[in-house]
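Pasting a structure here, questions to come.
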Amino acid sequence: MSNSFGTLFRITTFGESHGGGLGVVIDGCPAGMAFPHQRVAAQLARRRPGQGKLTSARREPDAYEVVSGLEPETDRTLGTSLTLLFRNKDARSRSYNELQQAYRPSHADYTYDARYGLRAVSGGGRASARETVARVAAGALAEQLLWEQAGIEIVAWVDDVAGIAASVDPEAVTREAVDRAPVRCPDEKVVQAMTSAIEAARRDGDTVGGIVRCVARGVPAGWGAPVFGKLTAELAGALMSLPASRGFEIGEGYDSRHMRGSQHNDPFRLDANKNVYTTKNHSGGIQGGISNGATLRMSVAFKPVATIFKPQDTVTRDGREVTYTAKGRHDPCVLPRAVPMVEAMVSLVLCDHMLRAQTARQQWLRHYGDTPA
Amino acid sequence: MSNSFGTLFRITTFGESHGGGLGVVIDGCPAGMAFPHQRVAAQLARRRPGQGKLTSARREPDAYEVVSGLEPETDRTLGTSLTLLFRNKDARSRSYNELQQAYRPSHADYTYDARYGLRAVSGGGRASARETVARVAAGALAEQLLWEQAGIEIVAWVDDVAGIAASVDPEAVTREAVDRAPVRCPDEKVVQAMTSAIEAARRDGDTVGGIVRCVARGVPAGWGAPVFGKLTAELAGALMSLPASRGFEIGEGYDSRHMRGSQHNDPFRLDANKNVYTTKNHSGGIQGGISNGATLRMSVAFKPVATIFKPQDTVTRDGREVTYTAKGRHDPCVLPRAVPMVEAMVSLVLCDHMLRAQTARQQWLRHYGDTPA
Amino acid sequence: MSNSFGTLFRITTFGESHGGGLGVVIDGCPAGMAFPHQRVAAQLARRRPGQGKLTSARREPDAYEVVSGLEPETDRTLGTSLTLLFRNKDARSRSYNELQQAYRPSHADYTYDARYGLRAVSGGGRASARETVARVAAGALAEQLLWEQAGIEIVAWVDDVAGIAASVDPEAVTREAVDRAPVRCPDEKVVQAMTSAIEAARRDGDTVGGIVRCVARGVPAGWGAPVFGKLTAELAGALMSLPASRGFEIGEGYDSRHMRGSQHNDPFRLDANKNVYTTKNHSGGIQGGISNGATLRMSVAFKPVATIFKPQDTVTRDGREVTYTAKGRHDPCVLPRAVPMVEAMVSLVLCDHMLRAQTARQQWLRHYGDTPA
Amino acid sequence: MSNSFGTLFRITTFGESHGGGLGVVIDGCPAGMAFPHQRVAAQLARRRPGQGKLTSARREPDAYEVVSGLEPETDRTLGTSLTLLFRNKDARSRSYNELQQAYRPSHADYTYDARYGLRAVSGGGRASARETVARVAAGALAEQLLWEQAGIEIVAWVDDVAGIAASVDPEAVTREAVDRAPVRCPDEKVVQAMTSAIEAARRDGDTVGGIVRCVARGVPAGWGAPVFGKLTAELAGALMSLPASRGFEIGEGYDSRHMRGSQHNDPFRLDANKNVYTTKNHSGGIQGGISNGATLRMSVAFKPVATIFKPQDTVTRDGREVTYTAKGRHDPCVLPRAVPMVEAMVSLVLCDHMLRAQTARQQWLRHYGDTPA
């Protein structure tokens, strides 16, 4: 069950990085929708390795087949589950002795072995970051629904690389601005420094981490659920399931400890149409786990990825201490490619809650015949 | 379904702060276990309001009734679901005009109204922090199982108040050390400063936030699940469901951006018994979402709580802009009472994964007849 | 998790027959609804033991407390989870030697012992039929929603006792007609024979079984879900979770084997308003797991209950073969009391699918702007 | 979520009959297991159309690809989710006017349209019986685990066709005996009559129904769960999710109404090794929803399938009354092919409960250090 995510908009991902392929089964998409190939392709392109000097040289076209859920003649959704399949094209066969193979430090090799008694030695198995291709595709579909049905815009960007911090207006930032530089930071003043830090790490055979920040604009008040279904909890769980994620914040996050309640609280006012709004947004758009109509603001910290080209101490499966040095392709910094992954996970959570809120809304209307004041 | 948490060790909480009471249904506790009244009472006492000057004056004895799941004559668990019921003793009836009532800034009043079209005006409803009494009790049971069956110790402490940071050894800290000062910080050097910061906030009718840090020692390698069931994801979701939580970190968290991969990676070595261990623990005990045998290290940021005794701008349900000033009881700082809440949520996640790992283990043994190298 | 049922309208029952009490947590009830105390009380009264000579002499008033989910001043639902608690009033303490106690034949004593290593010797534990009190109360709430929001009527009746079969018009039968005789069979021609069969069994210290039939009138076309969420599957699972249930049928059920496809198929026609209907209803209102607008027709077979007052061969927990003779109170026939239980389970399934259909409907309207032809 | 089934052994099926293909994601299979290609192929062959005169002429080789979950070099399971993909080979493109197309009587055409506002006009969509290919493959895997780990044998057979009833010994029947005749009935005395009934229906362009009976031998006492997780409930839900199923029985089923409790109850005795057994098995191996060690006995009623070659009254999507006559391929009787489908669903339920019981068992052993008496 740990391969499924969501309640009404629900995905199940499958597959490994080196095998027949990866994919995703998507439940909860309405019938009659044109499949948003363009949006899916665009987000997959942003996630793809081999985009430039900053990312891995592995090249996978990320072409997908819609195995189920579309009426062939019209390319429209049937309302039943959609299945997308991505073939693995660039898998290289390796010969090795499983028992002798070294556990790569800070990868999932040892922990998968501890859990399963064996592991996918021909690749990262389910722990491979390639699994996120399935999430990004499903997230693009969710994003399309959020846009069509509620006018919601979701934008993520690289906000920090190796401690070099950007300054970005969460109300104004666009994907176009984000994509202007390969590092996917819309603050032109730090793009060069960030890029240099990544290239320096690459030259050293090393890696760097950082922060991706994300906003969702246009989420109406009233999405979310009490207790364990809080938006805060589900966004945190969604984002901390991404590879290399190490931290999550909503609103002011860790910085809120430097504020007093009187500074942090967001006063309510009425606009010209008597609609409620907050004059500040320290809450990051969520109060008591439910959206308040303000922009959702969150961040995710990513560690420097584990694959480095320096010798490291480790042990083998058959109990020998060895020195291990990685070979092949790698990303010196995962952040630029993590941007669409973050957008995807946020979209999946919000789309699920949009459907959950529709049920609640429909019921409310039956009983009250009108919307709340 | 947002009231339930966990897969094999699964809780469903119920109730509001002002009504018949609160409680929890607990599934997955083995049969024949002596109910750990002492441990439950101890953790409830640490969560309880009215422990001293630092916390709310509200007094609830937090006595619970075990409504189901125990054999009366022996007080032993039946293996079927346990139900604990806490009565609300200190609820005060209020007379008010619902439509005129002001939305308290940065509380869940407005968002619940937006979701449900009405709200529990006689208290915080399901958004009340009193709901955590049910989690703390269930968490104590989980903690007991983790201790009995795997020797696991879970210790949380206040690591930062209003920016005043402690320095604590995660391998050595004990609950006794944590409880030495009412602020629940085991670093004696900062206890006075933290306490003063809280008391200053109280004098000002204001509030402060901070950080609770938590460790789980003794978790064996191999707990956790791939993709969405990663320990990282489930711990994040669990902890970010706590009231006033604003951020989550595992291992180095946001600070990992200041490290390179070569610094952050944890080398593997073999001990005298040929068991695998890491010589550092920047990973916080989790790699690829699965435990690696090292101590689990995480933190949660809490904002300054929303109830302050200063006038604030807000609006009423019937569309008027007003000034609101809170009355009654409140906590100037939620951190000391959050310590057992954090321990409870971590215990619930780990106990669930202990059971999930037992299933996997059992199957592994059938096929291999032995444990992994 | 086996204590929960449903997806959007979801209940979790708790408690044993001999202990603090039983209850149910109900999720998915809309906010602002007046709690239907009258309907709940009416169905509980029909389930209650001690209604007459035909049922058990045990007397439980079945008074419940609404522990959570209601605004006290208005008695209206908050939209968050409702909790109902039933106290056990008539529990009798027993002294016994657990190890020596005999396994009652065809009860759950031995199987619970095999699963848990112990069992609730002071009563039936979770296997007690008293657990259904929680389902009947929750079902009455579901029934109220189905009536208010969709005009659906659910009526069950005793259709067979000990092989004595009734003949009842599924389109016309009412609860009033059902309740005219204590045996809850609306066919006056067989009431006397059924009653005599039950009384004869009682005189002999024995028991009889039979069939409860149920209809749901007014279910619109389009409720249900593909594959494992078929109405057929969920109704079967719901009804076969009732104590003593042994069989389930939809539509013609087992008799459909005596028909050819050309007889069994239900032709479609259009009424004066161009609405689709079927000229027959052998399908029992469900095609492909989804409702077709016709009356839902189903039945449940109940075995003769296991508690009899004759000596029976059995064994004890400590491994001795003994003769066991039941003492105390019992029902010679569970059928009359099973009628509200069947109605409750059908209501829970349909209410859940009403909410699931509302979500689908809402989405459909967004895309098509109109209802299907 | 209606595409998923099971808790610890959990499948998610996907795909339609006419499109890219169908498949299944399987969670809960242990690591290190050799993939049972032979058993899977054998069960798929028994489900396959085109086996002879009794079944449909459609020919699909039912070759599958294991897309994920196997280590390529060893063909052993990784412990993470397995994905099987079946391509649709025999799909025929059709040109039609969707709005004019007639709703086939007693198919899912109209109900899917009512639910989704459109339907998979190029085939049965998710309602197609071809979806069961995914279940049969997953069921064969479950069956393999049940056999390897617990020595359990599952055998189903055609017990009734068009009212012609077989007489079969549930303790002795084998798959070999079942497969001796194409009609899959092991009672030689009725094979000819059953076959003639099916062929007569075919000649008439009509169809017949019947009963499949199934046993599971070797299930130990103690599998199953209380309340909604009863084996009875989960088996009923599983089997009533099969296309054309109309009824379910456990043990004596509907016939139990002809017995008194004193006849129906199963006495307990001890064998030479002091193990508990029942001297009869009217309970069908389940008491209180949990297995008692006796053979599980159940049946499923199947209606005559809806595709007939006679003219039928129906309506079109655009609101005209028409006469519809089916063309193409069809099964005059689904029963022989339903045999492996029934075995698959029973295997899926039992395998899930085997894993759930392992968790409970493991815990029990921790506390008691021994098995129950």
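So that you can tell them apart, the chains are marked A, B, C and D in the order they are listed, and the count of residues begins at 1 in each.
Please note the rule applied: contacts are C-beta pairs under 8 Å (C-beta built on N, C-alpha and C of every residue); 3 or more make two chains touch, one makes a residue touch a chain.
Just so we're clear, the structure is a prediction, and the values are computed from it rather than from any experiment.
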A-D compared against A-C, more contacting pairs: A-D
Longest centre-to-centre distance from chain B, chain (CA-based): D
Distance from chain D to chain C - Cα centre to Cα centre, in angstrom: 25
Centre-to-centre distance between chain D and chain A (centres being mean Cα positions), rounded to whole Å: 38
Centre-of-Cα separation between chain C and chain A, whole angstrom: 44
In chain D, residues with contacts to at least two other chains: 1-4, 7, 31-32, 79-80, 115-118, 125-126, 226, 360, 364, 367-368
Chain A-touching residues of chain C, taken from the complex the two chains share: 8, 30-33, 79-80, 148-149, 226, 355, 358-364, 366-368
Touching residues on chain A, where the partner in the complex is chain B: 1-5, 7, 13, 99, 103, 105-108, 110-118, 125-127, 131, 160-163, 201, 204, 206-211, 220-230, 232-241, 243, 245-254, 256-270, 274, 276, 278-279, 282-283, 286-293, 301-308, 310, 312-315, 317-319, 321, 357, 360, 364, 367-368, 371-373
Chain D to chain A touching residues, read off their complex: 1-4, 7, 10, 12, 14-16, 18-23, 25, 27, 31-32, 65-73, 76, 78-81, 83, 85, 93, 115-122, 125-126
